[in-house]
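Next come two complexes, and both contain chain A; in the first it sits with chain B, in the second with chain C.
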Partner chain A sequence: MKRLLSQSPRNLLFLFQVLGITLLLINKGRATDRLTLGIVAGLILVIYLSNYILTKISKGDNYIFLITTMLASIGIIMIYRINEGLGIKQLVWISMGIILFFFTYFIVKKIRIWEKLSYIYLIGAYFLFLITFIFGDKRHGAINWVNIGNFSFQPSEIIKVLLIFILSSYYSNKERWKEFNKYSSYYLMGIVYSFIALLFLQRDLGTAMLFYIIFAAIQFIYEDDRKLIFINIALIVVFGILGYLLFDHVKIRFQAWINPWRYIERQGYQITQSLFAIAEGGFFGKGLGLGHPDFIPVVYTDFIFSAICEEMGIFTGIGIIMLFMIFVYRGFKIAIAQRNEFYRILALGISILFGAQSFIILGGVIKMIPLTGLTLPFISYGGSSILSSFTALGILQVCSEEIKSKEELDEAGD
Partner chain B sequence: MKQEIKRIIIVLAGFCLAFISLIVYLSYFQVFKASTVKNNSYNKRLWINEASILRGSFLDRNGKILVYSENKDGTYIRNYLYGRLYSHIIGYSYREYGKTGLELQYNNALLNISENATLNELKNLVLPSTVGNNIKLTISHDLQSKARELLKGKKGSIVAMNPISGEVYAMVSMPDFDVNTLKEDWKAITENPDSPLINRATQGLYVPGSVFKVITATAFLEKENLDMNYECTGTANVGGYEFSDYNKKAHGEIDLEGALVNSCNTYFTTKSVEVGKDLILNIAERFLLNNEIPFDLPVKSSQFPYKGFIDKTELAAASIGQGKVLVTPLNMALVASGIANGGQIVKPILVKEIISNDGKVIRSNKTEILSTVTDPVKANLIKEMMVEVVNSGTGTKARIKNIKVAGKTGTAETSSGKSHAWFIGFAPADSPKVAVAVVLEEESATGGSSAAPIAREIMLYAINNIKE
Partner chain C sequence: MYNILALLFKYIFIIIIYLFIFSIIRLIYLDISGMKYQSLDDKAYLKLINRKDSLPFKIEEYYIIDKELTFGRHGDNDIVVKDPYVSKKHFKIVEDEDEYYLEDLGSSNGTYLNGDKIYDIVKLNDGDIIKAGQIEFLFVNRK
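For the complex of A and B:
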């Protein structure tokens, strides 16, 4: 009985993929080459098998991977529908992401010194910021891409995972850090604010907001010095107002949020095009291939959700939001069940990362909150985003397993 | 430990709340905002079909072509045969300036695309549509031209309609603009302080002045045991403010009819305090003030903004259509229609039929009762009083030989110091064929001398020429 239950969502996902992709191929209306068919069949098989294998090798949570592969499938279908070439590329990225997921899972599981590497994470993060400024390339108004040869990636995607490791290793050993230095929590806050300031200088407001939310949430749960939490809130209000007054790009985003129709030709262009798409889709969508996602700017990455709403309707949109909600819920559940504090905070950090990132971009494209550019985890096109998301997912998978607490480990060591 | 779990759950609750708010906002957007957002002319989807479908024509009630599209060297050209005459009703459809008027409201019908996307696709698979539907208006082109001629050089609006069926025969708003030369005139149009783009008939909010007394008089009749007699001395003090009649003329011993015929301010201001705000508000709302009027074009709601407490002076001012009372000309045409139609206001109709390319009627607008303002007996009493207004009162310039005309004049004082001239009425009084509202904006003349003769021309022409 239990086996049947844990199997059925996997089969449902399989069914969804087959139906979605068949519809897509019919809609394209011409013979598809064998390579594409092969890759598509391969991916469906990989996802199905991965979900199957995972139940065999991991005693942890099997739903988080299932949810993310569902999200990834929706993303592939949509991206392939808009641009076949990119769709195939996304297929490759997802496949690599799944490999990376298993790789991360084994590495993080086998090596048990992660909480002692605080300085390495810190140095790594600053190093990545440094190369962003040296090799940085401007895309969509933000300097957050690094090109080295033919290879380009977004360092901030790696830094956000490092940030979670920094926070976890600090708060799981906070007594020791406090002994070492009474003001260590203030230093930590200074470090996080330096990250946020650097992101702000890169004009990557979305990631800056994301870093703040991750930090604020972890701090809220684990900081014993409650005064700091109020300082943190007060500071962000002050910086927010200063940012608005001093920087034009902040002001523009805010104005485009308040009344995009007034600036429809320029600042409000992106968001209004997104709203047109969502409005046209209605509740059930125009149907796959029948809408005009090509009218939406940056549709593959930031605005993928608008394209999904146009063609699949806000019912699918609401479904995606609910999947993220369930994902966050599972993540928090994993954290609460985890006895080892380092892995507990790690699980929280990763759940908050996905929750906050999806909320910021979803809220942005539907104009509930000001729009800041971020990818929608697992759905948007992009190598850096997909790979870092699957890496984080691999870590979360480890966290979902039973790990002995530090005290228990110490006892075992004795 | 326990505290840690508690805090984790607080953060989790925060996230759940955030996600649920996304769902709520998205649903709210889809239900309440989407239809307006979709029709924004910057939405490129609106123009895709334009290239492949011949946009339908507009016809008047007799089938006269007003607007049509034709294929010129592979692209469709829209021809507006009467550039100015229908600038507010039909509006325009240009890529650069978007769509307005019926061109906007009936866009899907004109292109023969269904509101339902799936249905559309299926239909296109079976038989691809390349020709849109035609729209037949209730407008009489001749009366529309005549109304515009009468209003030429003035600011204001005329609405003429059938009070029984709700069909609008003419709807003119001045100043207007030429939709054929938008490109050349755009700057001048948008910078003109008189705002030619606004359809004054549906969007213009005017102080009604004495034409509002028709509504107040209805409220007086609804009040039980009201002493209708009054001794007019030319002035009256209500709540410390002195109201006076036109030229402070004392009308002497009068009743409600005498008060309406002579447009006696002191009568209405004094009696309104006895009747009370609630009843007047109630009747005003039955005459569709404070209400949205369903129409083929967007209509601004007329205002009788006295839901809360008001003092005697404010009520007295409102009873003679001054103060904060504001009405649209269309609403006042409906007021006249309501009295003409035995106390029932019908929905105004501008689009008579949507006709497919092969001549089939796809959709037609049917007469619908919007509101019952009073019973037929009281409506008849008001009507007789309005007939007297035209026979022997302030509205004698609307008199037509051998036809009984009912009407009411108004001269509304405005903050600019220049008054609006009003006339509302209908004819023939005993079997009404046409109801009319005329407003001349900042005309600085009385309604009886300037608006009544225009209304007369409209009514006379409509009775003689329009076939139902």
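For the complex of A and C:
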């Protein structure tokens, strides 16, 4: 026991998972079927081994995967407690996510032409928007789901990774693009704004906000034409006010944020239930299985944080925020240490993506900023979200390593 | 029965999560403090004159000279640079009775001291500039 507790985070994670699962199995009472037990045991083993193997095969960062698997474990325990069926599905998604993480890691590492594919990313992004509009399905007020057969996914989860690739491939070759066309960064801004407008039409406000934050941050760091940054800020203010005046769903969100108690029966219902849940939990929580997180609508995706706060306490909530902060800190450190411009912007973009996404949804559920529907990366239930998050993590893992240029590789060859 | 367990476990969970965060922060701290911030006073060292980010290969800003220091493209050297104009074994600096001497190891593009190509062992003085390939070092010895 003492050795297990000795400061190795990998063992602590293992202990946390085992204890959590034990408690859940006792809670559910009756004998759980063997398949579920098998999946649980398998996943715990896979996570433990992955964390171990990663230190051997990757010369890069060892902490980001550790942090994300901790977040995912907290998420699984909570989702399984709220809904057994979804919990098992989430187990499968996380396992697939980890496989995808290693797959992305090897693909991105082996292939070296990523910075030259700007047009392909662009076409891919518009194509995904197109299929969203054709096959789109309305859920929770936003048209952002595509159903093909039994399989449904959220294209915007893929587009946000593509956006980071577009921005990286542009800004890492900005001299060449500027030579090609003097106003190329204006075109880039136009493209990003077209993405945001399309997301707005899908009523996916959270993702629109996320896209804007990623773009604004990378533009602020890499754009030489400083005038453009002010134009960007001015435009978003204008569009924000216009959006508020013209679209009812924006107005509703805003009013529900200013005073949810007045609209407690309808628009403010989610946010007030979330606040009740967080308040109910107190510092140490009600205890797993003893609260009522099912009072909150869509609790297992957007409002997972409130459920965690209710049953596991504000301290766990603060812990989650701290884990995200360490994660983003590692991401920025990876970006600073990376010498290859393309991978540096990529690492920066992915860190901003996770930081901003968790900020938007955490701020939303605690009524700090207007609530917009987004998943909490790695914790919330959802196939698309988990898979795209682990893909982005795989890319970040590649960025954390020293990327050798082609000449250096030839040199090492002889 | 379950309620008591759940109450107990919630404290354990919080403790584990914080231990986890603490252990990661500790590892990161060790990682950062492991970086070289040695004091350069009363030591002889080479300082890179080129801007570090203008060179397309890995190189450090400072190299402390301890008894002997070799420079070249091959992995056995103390300073390894992947500059194509640098030979496998390019030059070495040796200390002898508090004096430092520079010797070219038969490099193809030569080693330059203050702009002159060297052919023999030369004594180094504080402020000398050593050039090999694209790289320029300032020799500092303030003993």
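Please note the rule applied: the second predicted complex is superposed on the first by the 397 of 414 C-alpha atoms of A that agree within 3 Å, B and C clash if a C-alpha of one lies under 4 Å from a C-alpha of the other, contacts with A are read in each partner's own complex, and residues count from 1 in each chain.
Rule of thumb we're sticking to: contacts are C-beta pairs under 8 Å (C-beta built on N, C-alpha and C of every residue); 3 or more make two chains touch, one makes a residue touch a chain.
Just so we're clear, the structure is a prediction, and the values are computed from it rather than from any experiment.
Chemist: Give one word, clash or fit, describing how chain B and chain C relate on chain A after superposing.
Modeler: By the criteria stated at the top, chain C and chain B fit after superposition, with no clash.
Chemist: Would you sort A:L23 into first (chain B), second (chain C), both or neither based on which partner it touches?
Modeler: In the superposition, A:L23 touches chain C alone.
Chemist: Regarding the shared-chain residue A:L15, is it in contact with chain B (first), chain C (second), both, or neither?
Modeler: The answer is second: A:L15 touches chain C but not chain B.
Chemist: So in the superposed three-chain picture, is A:T316 touching just chain B, just chain C, both, or none of them (first/second/both/neither)?
Modeler: In the superposed model, A:T316 contacts chain C only, not chain B.
Chemist: Counting only touches as set out at the top, which of chain B and chain C does A:Y63 meet: first, second, both, neither?
Modeler: Touch status of A:Y63: second partner only.
Chemist: In the superposed arrangement, does A:Y171 touch chain B (first), chain C (second), both or neither?
Modeler: It touches nothing on chain B or chain C.
Chemist: Which of the two partners, first being chain B and second being chain C, lies in contact with A:G287: first, second, both, or neither?
Modeler: both
Chemist: Contact-wise, after the overlay, does A:F200 reach chain B, chain C, both or neither (first, second, both, neither)?
Modeler: After superposing on A, A:F200 lies clear of both chain B and chain C.
Chemist: Look at A:F332 in the shared chain and tell me whether it touches chain B only, chain C only, both, or neither; answer first, second, both or neither.
Modeler: first
Chemist: Go through the superposed model and pick first if A:F211 touches only chain B, second if only chain C, both, or neither.
Modeler: neither
Chemist: Taking the superposition as given, tell me the minimum C-alpha spacing from chain B to chain C, whole angstrom.
Modeler: Superposition on chain A places chain B and chain C at a least C-alpha distance of 5 Å.
Chemist: State which residues of chain A lie in both footprints, the one left by chain B and the one left by chain C.
Modeler: Of chain A, residues 284-287, 290, 322 contact chain B in one complex and chain C in the other.
Chemist: List the residues on chain C that touch chain A in their complex, please.
Modeler: 2-3, 5-7, 9-14, 16-28, 53, 56-58, 73, 82, 84
Chemist: Which part of chain A faces chain B closely enough to touch in the complex?
Modeler: Contacts found on chain A: 217, 220-222, 261, 264, 272, 275-276, 278-280, 282-287, 290, 292, 295, 309, 314, 317-318, 321-322, 324-325, 328-329, 332, 335-336, 348, 352, 355-356, 359, 362-363, 366-368.
Chemist: If you look only at chain A, which of its residues touch chain C in the complex?
Modeler: Going through chain A, the ones touching chain C are 5, 7-9, 12-13, 15-16, 19-20, 23, 26-27, 63, 66-67, 70, 74, 284-290, 311-313, 315-316, 319, 322-323, 326, 330, 339, 402, 405, 407-408, 411.
Chemist: If you look only at chain B, which of its residues touch chain A in the complex?
Modeler: Touching chain A from chain B are residues 4-5, 7-12, 15-16, 18-23, 25-27, 29-30, 33-35, 37-38, 40, 42-45, 48, 117-118, 121.
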